[in-house]
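Both of the next two complexes hold subunit A, though its partner changes from subunit B to subunit C.
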Partner chain A sequence: MTAVLPSRRLLLKAAGISCTAALLPLSACATSSPAQQKGVTQLRFMQNKPEVVAYFNQVIKDFEALNPDIHVVQDFNEGNFVPSLVRNDPPDVVTRGFAQATADFTRKGVFADLSDLPSAATIDPKVQALVNSWGQYKGETSAIPFSLAGAGVIYNRDIFAQNGVAVPTTWDEFLAACEIFGAAGITPIYGTFKDTWTLQQGAFDYVTGGTVDVEDFFARLYAEGADIREDAPESFSSNFGPALPKILQLTAFTQTGASSKNYADGNAAFGRGQAAMYLQGPWALSELVKANKNIQLGTFPLPATNNPADTKARVNVDMALSITRNTPNRAAAERFVNYLLEPSVVNTFNEKNAAFSPLMNAPAVGNPQISGLAAYVAEGRYYQGAGTYFPPSVPLGNYIQSFVYNRNAGQFLRDLDAEWRRVAERTAV
Partner chain B sequence: MTTTSSVGQATPPSTRHTASADSPPVGSPPLRQTRDKVDPTFYWMLIPVLALFAFFITLPALVGVFFSLTNYAGYGDWKFIGLTNYVNIFKDPAVLQSYLFTFFFALTTTVVVNVVSLAIALGLNAKIKWRTGIRTVFFIPMVLSALIVSFVFNYLFSNTLPVLAERFGLTPLASSILANENLAWIAIVLVTVWQAAPGATIIYLAGLQSVPSEVYEAADLDGAGSWRQFTHLTLPLILGYLVINVILGFKGFLGTYEIIVGLTGGGPGMATQSVAMRIFSGFTGGDYSYQMANAVIYFLITLLISVIQLRLIQRRGVSL
Partner chain C sequence: MTASTAQPHSASAANDRRQAPMRGPLVRRSSREGFKVNWWLTALMLVASLTILLPLYFTVAMALKSADQIGTGTGLAWPLPMNWNNFAEAYVATNFPKAFLSTAFVTVFSVLGALASSSLVAYAIVRNWHRKFFRGSFVYLLSAMFIPFPVIILPLIKQTALLGLDNPGGVIFLHVLGGISFNTLLYIAFVRSIPVELEESARMDGATTWQVFRKIIFPLLAPMNATVGIFAFLGSWNDFLLPQMMIADPALQTLPVVQMLFQGEFNTDYSLAFASYLMAMAPTLVVYILAQRWVLSGVMRGAVK
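Up next, the complex of A and B:
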């Protein structure tokens, strides 16, 4: 009996030691680095659109054939970017959508200056200005636009033709078109209010972008800092009031039960022809075609006033190329960025993805799905959505959803002003 | 060889069982061993766990406390700002609302879960047909992931239920309750109860099985009805299990996150934002240090509640 005891103790000891041993690999893997082939520079390329992985795989293959000394690894999980910054090990080349969230990286000097790149000179200055409008680090060019997405009202060309409705050019014409569809028993606009972002990028951004000078408004608001009062001339209360009833007019033309439909529901329903119009950007087009390959789609910018000259398209820099400042592979990264901005690469990409090329000499857009926006984009008659100017810590989509459900404009404006002031207070200190 | 205690390790089998009851035999080695020297093996088993805990739980928590005193966004430059974040938390109605909602939700859910699971446990403990099979069915929700459950219920609430309600002419139910700011919390409570009740039921079942049947026989002889038997016998006898269920449940519901994410995402509007969701938003929203301060405050509040609950438990003579 007693002979068993030492062996048990041994067992316990062994268990303890194996536990400690299990810890060792954890510390060991932190120091090991991927084996590198001699003479080949490895670039990490993080792009922000999981749906275009295949395109970039092809681009990388072509690039590597021309540049055998560089090996590019594609990563499409944008969520890794902030953690990689925290670890101080960011990817070498990054694409990001440019808005408030990215502006903060720029202002903190995360990206290198690209103004000397030869490809930087081929970019349309109007589009470059969109990127720069989010703030610059010591006047540098932190990102070069790669893809410009134009958004408006997606419409079903067949339903428009069957009801004899032309593309509206004024707010009254737009309302009249909605009435015609409603009288014909067709849902004028398909609403997906369950996903708050669809309300934000659709009804909210389109109406405010068409009635308020969004860029100027936010420039003055940011300049004001935390000392913003509700009755100040820079506040939301003083500027957004006239736009809000139009948002409610618009959302009143959606189907009953819009509040329990999400983006995926909307794509399926609109694809099946259950509504005449859909307030979505070009990213929805491929989904709609997936739902119904025979659907004839077009896009027009929402006319938010009765003066057609006021009508503008909503654009966003969907992808902009940056090189991280601390990369040890700066030269290789620059060669890769220059390659990506060659007309054959950048124009093909935008043609395939229903977007607009940022190059000065970009060919005319022939895609009928977005051709209704082409003239506006070419003339620079566009705005970046008001929603994109908000710091991500403001739950704007939820506030808009509340407003659409409760129809309380005063409360909505007071909430926005108060939330803005609180965020400004704590981020300015 | 059935011993599991270290005290009796070297004691001959004949004296082992008497050692605890009688005075120890003169010069017995086991007692000296426990008093003077603990087998180092036990330290070897503890240290890795302690190291893991310290490295992955304590250290990050302390780093979080440290950054709650700065204006760190999660990356880039930062500086110390003292207690400003803490002061701002108390001025933020959105955060205060999330606290109110979370406590309201945790209290309601705790009550509902315990009523429901006690009722289920009473039913499952009775001599019913197919008892084992029915018990299994009732425990299935426990093994399903909360996120998946809430996505399924999301679909039911948004699509199936409105269609059914419309067909039967129940117009008030024809729009999803998830889209109603005043009713969305009911859906969240419902799904949480559906998911949490089996766990509580198991504990109640264990409690009910520990009540000797003689007690009920005696009560029957005295002429006590079933309601009196329940309030005067069953409930006092399983009070310890009730306390455990209430405390564990309340603590768990305070941290509610994934069911809300799957059902409403904190909406409609701001109606169902829980504290945990607010804190997590700091990672994506560049609000890292501010929400860290929120997390520290929430930690202190839950710590206080736990201490009060532990005191209550000790007074009741129950140990977790």
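Up next, the complex of A and C:
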């Protein structure tokens, strides 16, 4: 045995050497393959919204005309981001929607510090705080917000006017408006419960966002970790109880058969004027207009209490710009990010996509579809949806759906606490 | 699926033909009655064929709709006027020729690779079955079928990146590799049924092992080649996950991945998406229509072995 061992090791070594020798030319050829013109830096720009590829193509064209030494390649295949990290060859500039999943990358230091960029100083600190609230790497600015989506109750202006209903500012006014529509034979709210995320984004986030200090609650909950008990002051059971009956009150005003309708059904039906209100974000607006060119839409934040001062809008940072930490093209990437954050680029983008510009002195919002949220966004009266704080491994939407169907609030809260504990135990380091 | 609906039909036709001469001399009936149609079965097949035709109808109708025709009606109505422009728009948006070439490149070499590698392996294993090493390698290859692909995808990406294979070439490599266990299994069953005597006669004439394989065995494998080729073609042409995660350069991306362009998180451009799906489907459809005979015989052979 002892006599055989060295020769076997030698054999392995020889095999290893011959293998690497055979593969060297392969890898060498791969690294030199990108067609690099002399003096032109190639930037890879991965963005997370396939529907705006055309807009960014135009932006890139303009940018390249001003910066002939940089060539930008746009990539919308977000599924390639994690593999690119595994390959240690991530895109230079990345946009991502900001929530739990992206924060994971941020906290691990995948993105570079952008606090020194001149454009970082032009961002509304309130919006920057939303990004930072998800967690930072050594106090750095890992992402600069590019687009802020404000969500509330989308309403059909014509139906409101025909029934003499004004935009409600309190919970009681909201219920009264629903009663009026119901009495007039109009579906007050169009429900699409088959897609559980619509329940989560709509009824759940809006009601909890208006009644609970969501950011503070989750900060305390995360701090508690896996030790969470149902009777602890940080638990769901102790905080979300008062909000739940309101969710049921609200979903009671949806059409019969809401449980068999999905998001696409809802867009088509609401677009045809089959309901007065629709709990959806600005992403649905273009779909509604697609279904009916002449529809007059507006949005108001759901008043979840009887004090109008409590009313807040749900927002999410739909796109935030980051530069990956180990990019070899840092300088060029910074120039591109600065260009993207020039008022003409970022404001035009948000105007076109029914979103809010994150710039400090952004122009007033002219789009009547979202102007009802403008004052709230400008004053910083907003929250990020409670649902977005959940790790993806908690099937929150399904729990909300079963709560809406069997109306057992205690069970729902116990389930959430148990799920949270389960995931916290698993991910605890 | 198309194959499975057509298969019983051809089988029943063959049945009729076999019975016809038997009945012929006994009862002299007119030729029209000789081909007795089983109306119940035909009706059943017609209904079954709807499972293919109806979705296909929706695809074509959807591809021809304009934005405001999509949300209206039951979806069954044929769009008037037809919006042929969708195809042009989808063609430009996906940069169709480039993505098509990339997909075709991946598919062609995946198929060729699957045919060449698996048939050689199967031949070697079957003819050396008495040796432990070859029996062991058969089990080794088969054991790969028990590893779920998503489990190993990230390590694979790391590995291929180190080897400079984060491109369509790497996708081809993994397609061939991924199919080798199943394809070898198919081939082995088939090679076993080829009598060794055929080879021995060639050996007598002085043929080398390679010549025996190339001139005798490989041509005899034709039906199994068709089966493996079809599986490899479909798997490779329609693959989404592997190209999405493996190909680093977006300019070399394949059609199924590029078509994601039409599906945002909350918005789907149905008419452009379906126009683009139809264009991507076209080659498969053409190949099927041209090669229908081999496809059918190939599928049946795979089923029996």
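As a convention for this text, the second predicted complex is superposed on the first by the 396 of 429 C-alpha atoms of A that agree within 3 Å, B and C clash if a C-alpha of one lies under 4 Å from a C-alpha of the other, contacts with A are read in each partner's own complex, and residues count from 1 in each chain.
Assume contacts are C-beta pairs under 8 Å (C-beta built on N, C-alpha and C of every residue); 3 or more make two chains touch, one makes a residue touch a chain.
Keep in mind that what you see is a predicted model, and the values were worked out from it rather than measured.
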(message) For A:290, using the defined touch cut-off, is the partner it touches subunit B, subunit C, both, or neither? Pick first, second, both or neither.
(response) second
(message) Going by the contact rule set out at the top, does A:110 touch subunit B (first), subunit C (second), both, or neither?
(response) first
(request) In the overlay, answer first, second, both or neither for which of subunit B and subunit C A:86 touches. (result) both
(request) Could you look at A:263 and tell me whether it touches subunit B, subunit C, both or neither (first, second, both, neither)? (result) second
(message) Between subunit B and subunit C, whom does A:274 touch in the aligned arrangement: first, second, both, or neither?
(response) neither
(request) Using the touch definition from the top, say if A:76 reaches subunit B (first), subunit C (second), both or neither. (result) second
(message) Quick one: is A:305 in contact with subunit B, with subunit C, with both, or with neither? Answer first, second, both or neither.
(response) neither
(message) Which partner chains sit in contact with A:402 here, subunit B, subunit C, both or neither? Use first/second/both/neither.
(response) first
(request) Please identify the positions on subunit A that touch both subunit B and subunit C, taking each partner from its own complex. (result) 23, 82, 86
(request) State the interface residues of subunit A toward subunit B in the complex, per the touch definition above. (result) 1-2, 4-5, 9, 12-13, 15-17, 19-20, 22-23, 82, 85-86, 101, 104-105, 108-110, 193-194, 196, 256-257, 259-262, 391-393, 395, 398-399, 401-402, 405-406, 418-419, 422-423, 425-427, 429
(request) Using the touch rule from the top, collect the residues of subunit A that touch subunit C in their complex. (result) 23, 26-31, 34, 44, 49-51, 53-54, 73-77, 79-80, 82-84, 86-89, 97, 263-264, 267-268, 271-272, 281, 283-284, 286-287, 290-293
(message) Show me the residue ranges of subunit B that touch subunit A in the complex, using the header's touch definition.
(response) 1, 9-10, 13, 39, 41-45, 47-49, 51-52, 71, 73-77, 81, 84-85, 88, 91-94, 157-159, 162, 174-176, 178-179, 181, 265-270, 273, 281-287, 290
(message) Residue numbers of subunit C touching subunit A in their complex, please.
(response) 67-68, 70-71, 93, 154, 157-158, 161-167, 244-251, 253, 257, 260-269
